[in-house]
Amino acid sequence: MASVTDAELKEMTQEERVKALGMTTEQLTGKSLYIEFDPDAEERFTYPWAPDVDFNKRTELDCDGLTTTEVNAKVRDLMNEGYGTVVLQNPRGMHSLGVGILNKLNLIIEGSTGYFAVGLIDGPNVRINGRVGWSCGENMMSGTVMIEKNAGSTFGAAMRGGDLVCRGSVGSRTGIDQKGGTIIVGGDTGALSGFMMQRGRMVVCGNAGKNLGDSMYDGTIYVGGEIKSLGVDAVTAELTDLDKAWLTRKLKQYGMMPDKGVDHFTKVVAGKMLWNYDNLEPNEKKLIL
Amino acid sequence: MCGIAGLIHKGKSSNVGGEMTAMLQALKHRGPDSTGYAVYGEADDGDYIMRLKVAEAEDMNRGRGIHQVLDERIAAVEAILEENGAKVKSKDRVRPYALRYVISHDGDTGEMAEHIEETEGVEILSLGNGLELIKDLGDAADVAGAYGLNDFTGTHGIGHTRMATESDVDIKSAHPYWAFPYNDVSVVHNGQITNYWIMRREMERKGHRFMSNCDSELLAVYTAHNLANGVSLEDSLRRSIKEIDGVFTYLVCTKDQLGMAKDTMAAKPLVLYESDDLIAMASEEVAIRAILPHEIDTTDPYDEEVRVWQA
Amino acid sequence: MADGDMPKKPALARDVNRIGDSFIFPPRVMDDIHIKSELGRYRMRGFSLFKKIPHWDDLTFMPGTLTRFVIEGYREKCDTDVKIGPRAKRPLELDIPIYITGMSFGALSYEAKTALARGATMAGTATCSGEGGMIPDERRYSSKWFYQCIQSRYGFNPNHLVLADGCEFFIGQGCKVGLGGHLMGQKVTDQVAEMRSLPAGIDQRSPARHPDWLGPDDLALKIQEIREATDWQIPIQLKLGAARVYDDVRMAVKCDPDSIYIDGMEGGTGAGPHLATEDTGVPGIAAIRQARKAIDDLGKRGEITLIYAGGIRNGADVAKAIALGADAIAIGHSAMMALNCNKDIPEANYPEEIGAEPGYCYHCHTGRCPVGVATQDPVLRSRLDPDEAAERVYNFLHTLTIEAQLFARACGKTNLHSLEPEDLAALTMEASAMAGVPLAGTNHTVGIEDYHHL
């Protein structure tokens, strides 16, 4: 809570409280509920349950013979002991590895994981030296995740912040319901990528499958290769200098800058025709669906 | 709603039974109801292997009289075999209701199969030169143990762990399905077919029989129908993507081929590993890792993707 | 009539030459066609279904008389507490078997959400966040709180998840089974939009499928993921719309949740296509029985809790639902009525503001709720006093409980959960067949010889 504390709230009358929390009018900035968990804010790691870890304290953990629950519990214990760099060996396609980490941490996974790798995270920097299964980085709030090989479908589903990077190709429905943050794919992506995308950016250096950006509300998709087809209400837009500068910065940051630069990228945004579908005139509707 | 797995060795035989068991056991959480295998041994062209069941597993609880009923059914089956000029070379009663015959036969096996299934309670699980189809309730370790699959040698196979959706938990609704009466073809499937009844009635009008209400059986019948009409496996897979509605990923085996198809929605998972001598695929990477623990590169096939590999 | 004149006959109030009226096309149906052919789309509305279906009124209790020892109605003990997800490390323990179901902030106003939370806390029961994320005050006011993981994942935040006492996977709702949520642009204010990461003022039509799992096989893994993220502490609940109930619940049980929530077709909505509310799903009396059977058949009775919601109006409905097999009841629409929904309050002028009389308002989707419940407009919201509203919610929850106890005691039970289907009789053939209880005065259950041993 950035502006008001719990103690202050308790002292207030109902009316004051409503006002302090920014719930009185429709003309608000609307950020009041967001501030608590703003990934950019300084107090990002100040939740009472977040242990203070030291990145220089490093340890390794062999997953062989352990269950997912044991591994995740062990990682939590290590964080409580102050370890800031944890290396997981031999994951062998385990599911739900490293989920729900709400803390800063360097997590390195030496091998491939199954479904829901590092889902529901807020803060850690993760490197996976292998392939990930479905729904990697699902609902992540902040932090960075680097995948060295390929990724499965629904990569970064409902993601809200941070950077999710895959050097290889990903499956279908990449960034479905994406609500923020950045997804970067070095290779190709499958069908229905960016489906119902809401915010944030997605960069695909290779080709995109059919129905790209289907019924997206907002957000931006950049595709380096060919687009098989655009989905309902997705349109191409002009690649501006700002876009190019952002792409260059991001791709250089992760060492994924294509040799031919970024000028060839296609930018896809929402056509916004479906925004008020239920208020459209009948003849307008025929044009879009 | 299931886990599927398949593998094919190129140009050599291996312990396919043990490998499939390891893969399916890793997928147990995707389908706790039943487990099934279709594995392909080395074919001896003169001989046929026939796997059949003469009752459901749960029928065994129906009193002492059931054993006599089963014996009568087996006698009836053997009489039909003899009538059709088939010579029984070996007979193995794996479970009270599950049998394996090796027969030599030079007539029309399709017609004979139809005769055999006229016996009440009898369902042929598979018939072919190389195919052995085994399915039963329980997980992979149970089924493999009971049917002695752990040291089965062959070139390729597919398998399935099942979580029942809208059909029952029994052997007749378990996968894989044999493409009755088309020799050596079997199918496993993960997903659901939403124009099932339309397609089923069309197939029934063309003279095909259905043993269960499980939508996956349709894929087996559909494939058999296409193959019988001279369509190649690859074309049949491609055609199915257009003609069958719903979400599905399925694998088909013939005597020397393994094929896969993924629907237009790409909603059912499959992870694929390809090397020069082994191709393995499964719903989850964890299954492939069960037989290949070292570091490998795997990919997700995309929507409408169709692949066929030769043994 | 002494002079012999015949009295003059009044004219008939009807046109005797008219052959008849159409049952298939009454004036309302014609109006509907006229409007839709202008509009070019389905018609949206709030509320639950309008047509008659077999429901709670078609069942009756068979209390004790001489054959049974009845429990004294107002004094003697009749337990009502219930544990949701008894296998979880921290099960949700409710004092009464009725809690407030998930309704989103966005569909409901801030005042309505917090009043529900406070009323439920006073009654010793739970609330649920609904779609669109957590509002901190609701969490503060709720002593027991479900966090909903809905298809759209609007505002879903792992930091909020760890604050929850239970996590509910929204998979479908009874009112419009197989469809996603709707929130019309009028209600998507800056604040609501920001919470949901959407542009303000758009018609928000949520997806009908979860983004990160596409089948029940994947759901089993997703449940595991949420359990990992919450350290296996809290119960995981699956909320299903009632349709193919037996098969759906059987699959849900195999995904191994702690609790299963079935929403009957009587359930309400803040906004949805009119036809979807009318023509999807099955009634609660049929759904509960099938869901109970599926859980029992798989041997999970007592391990997986069954919760029912949809069309619960009074304590008799609660008791009947529990008798048919539910462990707990969730209410939405009737709790909103406790807040004032459709009440003629002095501040409101229904006909002018909404074009409907109090008692006939189904206009939640317009965001112009005259009583400040289903709106984001500051003027309308000020018509709801959260303190008084919280009190009313508490009173209503309390009343539901004592009413339900009344039937349990009359049937000789010292625990509300001892009610059985055999305590009920059906008043219609339809209800008998659906609920699997005998027709009153007979031993005959329509369609079934003996439900006791099924």
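As written, the chain order gives the labels A, B and C, with residue 1 at the start of each chain.
Note that in this section a residue touches a chain if its C-beta (ideal position, glycine included) is under 8 Å from a C-beta of that chain, and two chains touch if they have at least 3 such contacts.
Computed from a predicted structure; not experimentally measured.
Pick one for the touching-chains graph, please: line, ring, star, complete, other.
complete
What chain is the most remote from subunit A, judged by the mean position of CA atoms in each chain?
Looking at centroid distances, B is the chain farthest away.
In terms of C-beta pairs in contact, which two chains are most connected?
Most contacting pair of chains: A-C.
Quick one: subunit B and subunit C, Cα centre-to-centre, how many Å?
44
Can you check how far apart subunit A and subunit C are, centre to centre, with Cα atoms defining each centre and the answer in Å?
Centres of subunit A and subunit C (C-alpha means) sit 34 Å apart.
Counting only Cα atoms for the centres, state how far subunit A is from subunit B in Å.
Centre-to-centre distance between subunit A and subunit B: 40 Å.
Among the residues of subunit A, which are close enough to touch at least two other chains?
95, 114-115, 134, 173
Residues of subunit B that touch two or more other chains: which are they?
If we look for residues of subunit B contacting two or more partner chains, we find 269.
Where in subunit C do residues touch at least two different other chains?
214, 218, 221
Which subunit C residues qualify as touching subunit A in the complex?
Touch residues, subunit C against subunit A: 38-41, 44, 110, 133-137, 140, 152-154, 156-159, 161-162, 184-185, 189-203, 205, 207, 211-214, 218, 221-222, 224-226, 228-232, 376-378, 386-387.
Which of the residues in subunit C end up touching subunit B in this complex?
Within the complex, subunit C touches subunit B at residues 214-218, 220-221, 244, 247, 250-251, 254.
Under the definition above, what is the set of subunit B residues touching subunit C in their complex?
1-3, 29-33, 163-166, 190-191, 247, 267-269, 283
Which positions of subunit B touch subunit A when the two form their complex?
Contacts found on subunit B: 264-266, 269, 271, 284-289, 293, 295, 297-300, 302-303.
Subunit B touches which residues of subunit A in the complex?
These residues of subunit A touch subunit B: 92-95, 111-115, 130-131, 133-134, 149-153, 169-173, 190-192, 209-210.
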